[in-house]
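All chains are identified by letter, namely A, B, C and D, in their written order; residue positions are counted from 1 within each chain.
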Amino acid sequence: MRTGSVILFKNGYCYQSYGWNLFRPLGGLQNIVSHLDKYLIDDITIIRPVRDNDSSADFLSDIEELKKLKSSSPISFGGGIRNIDQLHLLSGLPFERFIFSSILFNENNKLLEVATKLYGKQAIVGLIPFKLKPKLSMFNSEINKFVPLDKLNRNHLDFCDEIILYDCEREGFHSGFSKEIIDRFKLDPKSCVFSGGVAELKNSFKNTSYAPKAINIENSVLHREYSILNYYEKL
Amino acid sequence: MKNCKYCLYPKSHPFGMAYSDDVCLGCITHKEKYNLDWSERYSFLEEEARKNKKRTKTYDCIVPVIGDAEDYFVVQEVLKLGLNPLIVSVNSYFYNDIGWKNLHNLITHFDLDSWVYNPEIQTYKELIRTSLRKYNHMYLPWIQLHTSFPVHVAKEKSIPLIIWGSNQSVEQVGKFSHKDSVEMSSWSRIEHDLFNKDIFNLIGNGAQVNERKLNYYIYPENLQKLSKKVKGLYLSNYLAWDPLKQNQSIIKHGFVAEENSYSFDPYERAGSSVYYQIHDLLKFERLGYRKITDHCTREIRHGRLSRSEAIEVESQFIQNKINVNPFFNWLDVSKTGREWYINHKLKKSSNLISDSKIEYKHHNFPQKIKSLLVKSSKPNENFITYGKGIEI
Amino acid sequence: MVGIINVGVGNIRSIKNWLDRSIVNWDVIDNPKDLINYSLIILPGVGSASLFIDRLKKSGFFLELKNAHTRGQRMLGICLGAQVFMDYLEEDGGAEGLGFIKGHVLKLPIKNSNTGWLPFSFNLNDLSKAWLQNKVSISRKTKIKGRVFYNHNYGLLLTDNNVFSQFIDCDNLSPFSSIIQKKNVIALQFHPEKSQELGETLLKMLL
Amino acid sequence: MIYCQKCLSTNNRPGGKFIDGLCSPCYFTENTENINHRVQLELLRDLYKESRKRQRNKGSYDCIVGVSGGKDSTRQAQWVRDRLGLRPLLICVAYPPKQMTNIGAQNLTNIINLGFDLITVTPSPKTSAQLSLESFRNFGNVSKSSEKALYSTVPRMAIDLGVNTIFWGENSATQVGEKSVEGKSVFDANNLRKMNTLSAGGNEWIYKKAGLKKGSHYVYPDEIEFQKKKINIYFLGPAWDDWSNFNNATYAALHGLTLRPSEENKTGDISNASMLDEEFTNINMMIKYYKFGFGRASDIVNESIRLGEMSRNEGIEIVKKYDGVCDDSIIASYCSYVGIEKTEFWEIVYSYTNRQLFDIKKGVLRPIRKFNIG
């Protein structure tokens, strides 16, 4: 089971997000990634936390910034990739996999077809931010609203090699990821990545039916020296 | 992102700013000081202290100091926890006589073993010139040493714990919650203490220094092994941190406050020949605000200044002129060299520079602030390389 | 001098960073005719096989690579770049590879891709003389043990068994190779440029 | 009390031995008149290379030099750096701030300006003062604890910081005549641990007063720690052909040190160039005189006689005038430093005075000499 990290990156700067509505500043991207390399983290997930306020200028300037990133760890990138032209801009990035979220609530799957052609099926990752209360719903960032379960386009999920399930309520906490989401979504945990309140749960998942492919820790990855090892040690 | 509607911090704060409906995370996180269970926070600290006392033969922890008021408070709290600390200090060569007095009184009053590392002065000055040339920053070489040497000592002497005073990233911009109990790390050092400029960025290929002499400027390697041996804690995550009140409370230990023409706070960094002079000027040149803004923001958040009072206090100091000649003389820079530097590199702050001696003007402050201040002394001699701080 | 082939697909930028970290100077080869003056040619590859092979053919690299191979120039293929060295690739309805190494590239017998870290140990002396004798020796290290990062849906199935090869260290993937070396060609199924410390040591050894 | 035929040193010196009428330093100097110092220098270089090879942390410092900022150590530091071409880490076991003199601070400033990495290690000040009083009462020596700290901290730092070669000043065996310290070669300082200051009196009294944790600062690291880190200590003196108090004082005058010209009547130090970093050692020299009948003036005179810089008769006059001199202001300052009354101070001094050599009369503060010198 991999242990990775989630880094939110917007307008050239990294942030932390708590409870899906409060941002805290974090720091420069290269310094963070260089240290995650040193910490031998399994992989780095960079997400642009854009909702409905993204602009092509912001997208372009972030892409230019990301091109300069130097890292020896596997990186997947996403957040705001919503049309074919943006897909072609990704080829210059030193990343292996790309993350798609809003498209999973959309009808036309042209974007995922072209992405698979360009980067290969193993490079396509889905991201579903969800919350259970008051009722199970998923966040469609393009329209900046939580939508009910039936809005999810099942066959788009088949394009994805892995799916990140991001618990918005438990984001920023060390535990409490609601694993019953797996049954509600009827997904195979083997192809899922848990995120949001998972930092101290790796052991409780091990050799259970819920064991995911990986856990991606948000926010607290840099709270102490080599926090990944501590999570390994605890796990 | 507009500026914060409570405090005076600009968007350009080097630690990075985030806002939640026009209030910056610094102000939001500060509110935790009034609704957190601080006895529970303190019990985590006691637990750390207990764990360490068993494991060590000689010193239970290291306390890096410069001898200013915050260090007195930290040492007082460390002793209250029953720890036997080794005091470690890096000589910046910027001490004035008050600085040596406070440093030597600290180790004598609390009766503690201490190390003072005096870096080879030619390399040190060369790095300061390089730091000025490349980043218009004169404190970077010392901060690199101050945040790296204690960790080397802890690692070599297997002392498992380093205790620092305040975590500036939490106290100033609310980068983490107090509850996150953020610890010392190589990442945080580069991000917050060194503004992304570690020694390798500083020397690049161009600096004419012998790389062999940089061993203590370089943070210890091999972070995986290091993290198992050394842990660095910040007291401000475990105590409701209030610098002005704390600094006043430690006067009884013999600390001498210093007359300060650039802020109402006579405690913070007392004893330095540069902190409120050339360093404050360069901070303004780089970031557009001075140390007085940090102090005013701090006091707004502690409720001792309203925003308008803070702006008025800030205005009393923000125009005060600085004489940078003593620093450039110390750095063996010629008169014309200094003038070139001022004309070409200090354009924004040139109106703040004066050649004449700066006289201390008395200011009046709101009562809530005045009650926490104390009579402060005037330094007689600056840039004392190594001094004798106290007499029999 | 190391040359990286650029056909406009695949992130050659992380290969550049990898070479920079190991202080190896490199060049990007845009024109197939320049292949001749490189002592080591790196063929990176991300994306789908059919698109990649199609680009190689259209740009003329497909043919020139064969000439470089007959000239005995050393070549290092990474992930999809390694798969293209084989005879036949099954992906996207099948395509014909460069045929430097006897074998096929078949879909892995697992539902999703093999994405993650697996153990990998390697002894330089196991490579045949063809690779070792015109090697520039940067590091004296010959043995490494650690882990490498995989991210692929298709695997290298070798059919020629008097050639150096090691299997992927994972039970249901064992028939597939993680590294193959035949004379002046090395195929790596994993991503050395994203395998952190081990990747750097491996590069210094192979150069 | 028997005097050495050549110089004025006596058989009262602890650990001192006479060989056919000569004290061991005179015997050494006389029989090794023809040391070829060029050979000695090469021998030292080889010893250093051998030791440096076994240092784990290659990129770190080449060696450690114990310094006080005084004349001998400043000269050693510069010689190791410029003549041997090494990169030394200087360790100064500083006196607590109250005890350190302004001259001491100025001389540390001087050595810093000469361009060295220097770590000043200060023991906890109050404990150090109490230990000084304790050693004054138990051994009639106000600086036994600080001497133990001086000799123990430098190897402790070498062990801690992973620098395994230490250079030490004079070889006290040849210079001051302590048989117990003689090692394999004239450079070998590895059995410094047997030196009288360190071995006599054990460490119990230190631990009782300072406690286990703070006491460790004063205790010499044991043999195993030396072997584990492959620590070697070498004397520098023997490799120099011009190593002497007078030569070093001249060097100091010319290299920016702050000295104490014309203060011999206050401190009894006729070289005006030693014990610069603190004053209370002058009290020790006075007590040594009352204990053994010779003080610092004798040590300096003996060395000058051996080097032919002074005749025996000239020496006798100087010893008569300056042995045992220590100004009342220094004694007053010490009393307030350790918190005792002057009367108690002199009670302790009387208890250590050698009654065969000195008389103590009512109404006369200082013991009166009743032997003639020479």
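To be clear about the criterion, contacts are C-beta pairs under 8 Å (C-beta built on N, C-alpha and C of every residue); 3 or more make two chains touch, one makes a residue touch a chain.
The structure displayed is predicted, hence computed values, not measured ones.
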item: Neighbouring chains shared between chain B and chain C, ordered by label; value: A
item: Chain with minimal offset from the mean of all protein Cα atoms; value: B
item: Distance between the centres, which are taken as Cα means, of chain D and chain A, whole angstrom; value: 68
item: Euclidean distance of C-alpha centroids - chain A vs chain C, Å; value: 29
item: Approximate Å spacing (C-alpha centroids) for the pair chain B, chain D; value: 40
item: Numbers and ranges of chain C residues touching at least 2 other chains; value: none
item: Sequence positions of chain A contacting 2 or more other chains; value: 40
item: Set of chain B residues in contact with two or more other chains; value: none
item: Chain contact graph, described as a line, ring, star, complete graph or other shape; value: line
item: Pairs of chains found to touch, sorted by chain label; value: A-B, A-C, B-D
item: Chain C to chain A touching residues, read off their complex; value: 8-11, 13-14, 17-18, 20-21, 46-48, 51, 80, 111-113, 115-117, 149, 151-153, 191, 193-197, 199-200
item: Chain D to chain B touching residues, read off their complex; value: 59-61, 87, 96-102, 104-106, 108-109, 112-113, 115-127, 160-162, 213-214, 216-217, 333, 336-337
item: Touching residues on chain A, where the partner in the complex is chain C; value: 2, 37, 40, 42-43, 67, 70-75, 91-97, 116-123, 161-162, 188, 190-191, 213-214
item: Complex interface listing, chain A residues touching chain B; value: 13, 15-16, 21-28, 31-32, 35, 38-40, 220, 222-226, 229-230
item: Complex interface listing, chain B residues touching chain D; value: 57-59, 84, 93, 104-105, 107-108, 111-122, 153, 156-157, 212-213, 215-216, 384-392
